[in-house]
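The next block holds one structure in the form of structure tokens; read it before the comments.
So that you can tell them apart, the chains are marked A, B and C in the order they are listed, and the count of residues begins at 1 in each.
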């Protein structure tokens, strides 16, 4: 074991060093062939990524063993428990809190990975609510995904923190282009869907408007997965583009400023297109909405959804989502749209049950007033 | 119902420095009961307990046959109350205060109230907060009387009023009583005022009732007996009622006894025991009041033998104020 | 009897209440200020929806704040005259304590309907002046109802506190501060020494959750106050 640690310990810096030195030793590309040289370098770099990942894995394992050895030597008492596929280490006095936090987090995540739990990396988490008296020993860990917050932070913050780190496990297995597109962890909470509903109504984009009206082709465009790819003109009308340009504010460069003014003030559509030409089109619906679509695909896909998603990693994004959901694109988008619209919160929400507790509180406060010190004989 | 108010064994201690201890008091129905006592003696506290504003530590209070606090609302509905300090909401006008008050009392006589308001010359649109002290006193009396109570509880109702207003207020009260036969429980430290119209009197000092008797008895039957070599233990066979005794005040040797039911020839009670009666003096209400207080607090009510001057405000709070009262009327 | 109580209550609080009535009427109108023009084209409708939602978000905190301040002010002024007279008048009235307190509380609650009605009418006017963009709905009645419940709850709480003496109020406040301080220290000590289950437990968090989540008294303050929403 010690030899393994001895070998793997310096592996990471060596790998990084070689990775950094690799580019200069590949030689200076000829000026007349910049594109092909860049492509070659990119391919070479890509080929090193698996090696780097393998090395990092070894380094992780080495650090884990170092931590374990340190704990064995100090006889530090720790409690270990499992939440789904995850192993959680905590100090004994924090065990109950840790278990509650991780169990809640796992229950939240479970619908998204139902039937595909084996695909999740069995990460080990180190739970610190705060640095306890033994914390200095555990603090040496850099490998373990630590959920630790200062003492003054409330439990809800701990749960958010745990959700974040556990959600990262789910994301690790997902295709990169899907992650880039969704911009974050998949979401299914109705509270977030309510925000998406507001987006669906108020985003100045003809694609979003069409989606709100039930045109599923527009829904595909609104989340940026249309067959024509990113397209300012298709997603936004000239008036909406003008609004978008206006929201970007007046540029500092004189030349751009003239175009900006032509677009915004003179309402010249061509100027707007010209102003946005060099910018990547902004997908009408936000990452929040897209993450909700990803979450919806996993959630509606039921058992094995995550496995099917990974299996379709080389497919276009929309196909990945439909593979996960097990539904054709139109059905997926229709059910997502329905769930978004259903998540709209009415202002009457909660008001139906409020009067019940309200009446009890009023009577309670009234009784307190009768029992006041002013009314000694009451 | 023979008694308007009955208090039995009342106990209350709001602070370490003051307590009402085992107070027994009876106000016969139809009587005007003068509740006398120096400032700080517990008159207002007793009235607060009567009105249910404070919870006694023990004892029983009955007002118009209703137990307090169990029957408080019913008893209060038949009781007119005038507090020591006006309690009416200052933001209301006179007319509004009358309307508010009338709404709570089933026997409120609005017509009579209006007549009273005219008699007292109170402007109905005047804000209560803008009324003079005299007008305020009249308004509070008006409110208490217009509810047509069977019992009036008046806590120093004329205190601080000028003589004209005082006369108006007392006239209104007496007219009402003569018209309805209501009982009145009136506290005051103005002895002469009560002497004119009360038919019962109770004297309170330091939370204890020193004496309670008909006014006539108080005025005619209280004597101050100066005794030389008075026996320490009087025994149970006194031929008269001993209300109090205290050392003589420097004008003569021996003790001063305040007695009720003294008759000629009773001096033999003392001479048989080796003592002697130096003189016997008849006391009026005020003199009797002062002597009783002096007897109840030996060492506190010191000074020259006499009555009256020590009863003004401040005496109760400051026991060192001298009591330069004139000598009592001698008895033949 | 109650009518007179109501009148006295009104007379006692009217000057304090009128500004709240005016504010409650004006606030919803101000909240939609600048977006009252009706949508023309589909783009304009969406843009107006975005502006409306954005503006609602900005004005959102003022509605519960107004409800709170209205309820608190009315409750504190309810007892002002009684405090001034040391409650002697109230205590000598021929009614049971609970009856007097009940009538006084009900009278205050009725008066509270004035700012609530003003808020409701203001909300109705504000939303009727708008051509609501497609996908959005106006909730003047729901928000006014929430305003009513919130103001009444705060009113009832402060009414009961104000009924007591200043000393009692200080005791309650002091007790709460002590609990908050102890609640910060004690669970940690107990968790380390005796009850590991208390690890991470915070009195303040618990308290805030307890009053702001159903069936806590102030849950009604935390719902949606959007006059116009999806």
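Here is the rule we use: a residue touches a chain if its C-beta (ideal position, glycine included) is under 8 Å from a C-beta of that chain, and two chains touch if they have at least 3 such contacts.
All values reported here derive from a predicted model rather than from experimental measurement.
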- Note on the structure: Taking mean C-alpha coords per chain and comparing to the overall C-alpha mean, nearest is chain C
- Note on the structure: Relative to chain B, the most remote chain by C-alpha centroid is chain A
- Between chain A and chain C, centroid-to-centroid distance (C-alpha), Å: 37
- Message: What's the distance between the Cα centroids of chain A and chain B, rounded to whole Å?
- Response: 85
- With chain centres taken as the means of their Cα atoms, state the distance from chain B to chain C in Å. 51
- Message: Give the residues of chain B touching no fewer than two other chains, as numbers and ranges.
- Response: 52-53, 72
- Going through chain A residue by residue, note those that touch at least 2 other chains and give them in order. 377
- For chain C, jot down the residues that touch at least 2 other chains. 91
- Item | Of all residues in chain B, those that touch chain C in their complex | 51-53, 72-77, 81, 83, 85, 87-92, 96, 99-100, 103-105
- Message: Taking the touch rule as given, give the residues of chain C at its contact with chain A in the complex, in rising order.
- Response: 41-44, 46-47, 49-50, 52-53, 87, 91, 97-98, 101-102, 105, 133-137, 139, 142-143, 145-146, 149, 152-153, 156-157, 159-161, 163-165, 167-168, 188, 191-192, 196-197, 199-202, 205, 214-217, 219-220, 223-226, 229-230
- Message: Under the definition above, what is the set of chain A residues touching chain C in their complex?
- Response: 92-97, 129, 151, 154-156, 158, 194, 197-198, 200-206, 208-209, 212, 237, 239-240, 243, 344-351, 353-358, 360-362, 365-366, 368-370, 372-375, 377-378
- Note on the structure: Counting only contacts in the complex, chain C reaches chain B at residues 1, 3-5, 7-8, 11-12, 81, 84-86, 88-89, 91-96, 99
